[in-house]
Amino acid sequence: MSKRIRVGVIGAGRIGKIHTENIVYGVKGAEVAAVSDLKIDAIRDWAQGLGIRKVTGDYKELLADPEIDAVIICSSTDTHSQITIEAAGAKKHIFCEKPIDYDIVRIHKALDAVRNAGVKFQVGFNRRFDHNFKKVHDLIREGKIGDPHIVKITSRDPAPPPPEYARVSGGMFLDMTIHDFDMARYLAASEVVEVYAQGAVLVDPQIGKAGDIDTAVITLKFANGALGVIDNSRKAVYGYDQRVEVFGSGGCVAVSNDTPSSAVLSREDGVHSEKPKYFFLERYMESFATEMKMFIDAVLNDSIPSVTGVDGLKPVLIGLAAKRSLAENRPVKVED
Amino acid sequence: MSKRIRVGVIGAGRIGKIHTENIVYGVKGAEVAAVSDLKIDAIRDWAQGLGIRKVTGDYKELLADPEIDAVIICSSTDTHSQITIEAAGAKKHIFCEKPIDYDIVRIHKALDAVRNAGVKFQVGFNRRFDHNFKKVHDLIREGKIGDPHIVKITSRDPAPPPPEYARVSGGMFLDMTIHDFDMARYLAASEVVEVYAQGAVLVDPQIGKAGDIDTAVITLKFANGALGVIDNSRKAVYGYDQRVEVFGSGGCVAVSNDTPSSAVLSREDGVHSEKPKYFFLERYMESFATEMKMFIDAVLNDSIPSVTGVDGLKPVLIGLAAKRSLAENRPVKVED
Amino acid sequence: MSKRIRVGVIGAGRIGKIHTENIVYGVKGAEVAAVSDLKIDAIRDWAQGLGIRKVTGDYKELLADPEIDAVIICSSTDTHSQITIEAAGAKKHIFCEKPIDYDIVRIHKALDAVRNAGVKFQVGFNRRFDHNFKKVHDLIREGKIGDPHIVKITSRDPAPPPPEYARVSGGMFLDMTIHDFDMARYLAASEVVEVYAQGAVLVDPQIGKAGDIDTAVITLKFANGALGVIDNSRKAVYGYDQRVEVFGSGGCVAVSNDTPSSAVLSREDGVHSEKPKYFFLERYMESFATEMKMFIDAVLNDSIPSVTGVDGLKPVLIGLAAKRSLAENRPVKVED
Amino acid sequence: MSKRIRVGVIGAGRIGKIHTENIVYGVKGAEVAAVSDLKIDAIRDWAQGLGIRKVTGDYKELLADPEIDAVIICSSTDTHSQITIEAAGAKKHIFCEKPIDYDIVRIHKALDAVRNAGVKFQVGFNRRFDHNFKKVHDLIREGKIGDPHIVKITSRDPAPPPPEYARVSGGMFLDMTIHDFDMARYLAASEVVEVYAQGAVLVDPQIGKAGDIDTAVITLKFANGALGVIDNSRKAVYGYDQRVEVFGSGGCVAVSNDTPSSAVLSREDGVHSEKPKYFFLERYMESFATEMKMFIDAVLNDSIPSVTGVDGLKPVLIGLAAKRSLAENRPVKVED
């Protein structure tokens, strides 16, 4: 393998483009050698402008290319596990967008393939690399709050996806809350063993008709005895609300939202400040760049990726338990 | 009845003394005519210093005194309902500390007695009169956040009571969380219909041995469809943590803790500010004075007290449901 | 002298009433024995409601009353020094509202009389007792910011006084900024040796026509080498703006405004919080009570008052230097 | 001129490298065609790693290269005006680091050369592009605070430069405060007409021996009647302190420091948060990228640069007035 990693990006939708540009502009040890997308015509100009040599409609060309060391899988969720298996077979290192799959059996097959091939595998839980959440994590690891007792996560989107999206997304818990389930594990440093989920349709009745919910409060029990709670809404009119608070025997640590500026305007009608950064592109842009650097570093240095296959599996298990809890209105144990 | 209300205080422990001094120093339409306490010797000097004429060991003397218009019941919890019944029989207006009782049948008997006597009855849920929580309440009532979707209450004490206290207090839910159950109703303007309670013993194993918990996350469903969550700890090392946040269709409102000063100290080792006010005496002193003014006003103006008998009953019902939920690890409906 | 101090209040305008009620309701070692005011009819009901025995139109009656231990001088500023001299002659302890006088010779005469009589004398610089400013002061004294280098004071009123007030008030520097000159000395723990004052009429041209200014930036040099700056406006549309910041070799400490509540409302149109408490009555009520307790304590314990005669003199000297600086547009040394 | 601007960077010290990398990684309409530096060996590897074709020890090669459209002048300050004149003669567009020169005559000569050549000229006052300061500026322009009355700028470095630096830097006012003079003009939208500067040596006596100061409070009068104050220190132990506040007839707007994260840690020993970002590289990285984009945009679109030659001249005039004010301890008019 060359000292400069050659990357192929599979699927150049919104998130695929972000990863591609982050590698081109910001990751020094890597270059994007090729990009594949089913809609090849839609990405040709964009790829050329970035100086990417190879653009194809068929990701298998990337897997077959011996010059490519690693792939970034950003295709539709239902293809993640299958492409992971193929890429592992082709001995490519793999960065896979979350979730690996909605089906536990398929996830296990993908992780088995990765293990057998001995390639690096990192899952796209980018929020672990966010400056705020990472700081909370680090302070907890340094023992600043003692033993964690209560983990609280607030995660609210500025606007709901189209109702029909509910049908293909696996539902709010697997599509949106899955990031919070990962965050809970990341911060508590303990596995979630039981879930109780309350859900409601308060934002848009169409979401309810599509079989999903748009508002939720989910409580968690961790293996180490700590408790947790996540609250979600598909529509916070003031923007993307992304906060955590962890309370422990020795103190409490909390982070607030990032804003475009710190300007505070005091007027006769009150004191006004800025809303949170609008949505995940604004809020998490830096974390997308960092997770990619971390992945390339893991490949370059042959070290363990920061978000492993197990880290990809566990939030899906929690999400499935939450779905059952909601359906049956009772606490549900998370499968091992 | 005279235009200046003559009040008798029954039970002059910590909270009884606070109410007494608030009336003496701050409530213009009222005076404390008499105080009773089982330990009469312990309060004589204090009462004299305040210019209170009559000090007795027997509250029945206060009830028998035709010059007394109203009583403040601050005796031990197990006597609240019985004294309420007797005071109502004596046609005294009643301010009763929370909780009215731990037993629903006894609460109903007390409320029946009040209703039959036609006297005023106010329960000591003082936090409704706190400047922060009242502002949240008012903003919600003004429609500033639209329909409430998620009510979040954080309530953490600075230090646990002695473990033996757990045996007489009715447990954390009826002793401590009961204020939060009242706050949930006050803010949501909707009744709690179902409760799911997680509890843990993370602060002090002695509390667990005494049959109680010291850490909890409790989720609520409201009649109007909104969801709620309360988190409690008996020991926040940084002091009394009392915050709420209500999220709705049109926005979100939150309050933070009060601190002794707003001083921010920036040094090489970080940026430092003050801890929350230490405990309820510091934090809620103003609200104790206000609730007493409101009670005297209700008597003077023959208006409905701001915290009614039903407001005293409901949090106990929620607390009992929470206890059962914890014991059976399942969501429990709140009795009507 | 009795163990309970008997106080006479001279002048029962707004501030006189505040001091009176604070003693009646909140200072345990003192009582208000008498009140005098030129407009005796306007205060009779108010005084009676507070249970004050003696109400008179002539302050000399208070000075002649052997039962009165101390007087609170709240009459018009032009009478402060004369009444101080007479009260000292009558061996009364004296709390005198600021400023003692606008004339240095008359201040010295008053302070001489106090010294000769050996009575306690405290000047009404209440802001020293404010929870925020006192905390800044204490942190500096504890060495938390090392040696002070830069003292910054922001002091802005919500609304200007009537323009004609400028003629009798001695001008903005002696009427309003005088509190900031005291604060500068209190925080820096060093004397102001030189002043440079910029002034402007930006709020109301009528104030300019009356010979005063309504906006100012004043820089200070302290004896210990530190620098200072005060900024003033007669009209902050968002309310009373009262902040300080002190920067030193080891750090920086700053306080922000107090608000009626900590409520933060996040909506589509931004994030909104409360304006500062409106004006000095709301903002400094607690400090008025505390300064009075401190005065009574100094009398009871025969200790040095917290704000001495020199503390009353110095800000006037600085104010006069500032007036000259503004008139001559040059830095001016403060007279010794 | 090509649609893609070919840029030559003159001087690849710290700031030259930042501009170079910002163009390479982040400015789509431009490329770095060449870099010159006196220490050519020190930059060869770095330049090659960025794919820059031409590296030279002689900036004149860049000026002579017909393929180069624009130059970024990041050489030592004493060469700025001379290279500007030569670059203008070679018809190159010019981005020049601040200050253009310390000598007014030489600045005028440089600006004349630019004017005669008709090339674009932008000065490196990057803080105008900072998210916080730009927001303050925009709110003022939108009339949100009415007419500005008081402009306050706090600007404190985390650590002083070596004392010998004072001799070559032109002194604190021309080296450090010059950014604040620009900020004052940018925010007030009015020219500074008079300056009064207080200075002190409180951080390091060696700085005083070198003829400079390390602490200052500078007051400003603006043409429109507004007042201003800047406070500076060479050593804020808690990091880079960069704040502004503008008060006006209709309100007040202020910004606070940026921090690495918003984490707040509450513990028994207090409530702790992060220090400001350490120094200008951390704090202003984004603004360096933005100013370069704006410069390239101005060249591409033939529009007026956002920071003009006059914007480069005025802060030097103010700085020279401040130096004289300090030396003579009197307010000094700014030369026209």
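The letters A, B, C and D name the chains in turn, as written, and every chain counts its residues from 1.
By definition in this document, a residue touches a chain if its C-beta (ideal position, glycine included) is under 8 Å from a C-beta of that chain, and two chains touch if they have at least 3 such contacts.
All figures in this text were calculated on a predicted structure; none of them were measured in a lab.
Any chain touching subunit A that also touches subunit B appears here: C, D. The two sequence copies subunit A and subunit C touch through a face in which the numbers common to both exceed half of the numbers used overall. The pair C-D is the one among C-D, A-C or B-D whose contacts match those of A-B for more than half of the residue pairs. Seen from the Cα centre of subunit D, the chain whose own Cα centre is farthest off is B.
Mean C-alpha position of subunit A lies 58 Å from that of subunit C.
Mean C-alpha positions place subunit B and subunit C at a centre distance of 39 Å. Residue positions 236-238, 241, 250-252, 266-268, 274 of subunit B each touch two or more of the other chains. Subunit C meets subunit D in the complex at residues 147, 149-150, 152, 156, 196, 198, 200, 202-203, 215-217, 219, 221, 225-229, 231, 233, 235-238, 241, 247, 249-252, 329-331. Note for the complex: subunit D touches subunit A at residues 25-26, 28, 49, 131-132, 134-136, 139, 144-145, 250-258, 260-268, 274.
On the side of subunit D, the complex with subunit B involves touching residues 236-238, 241, 266-268, 270-275.
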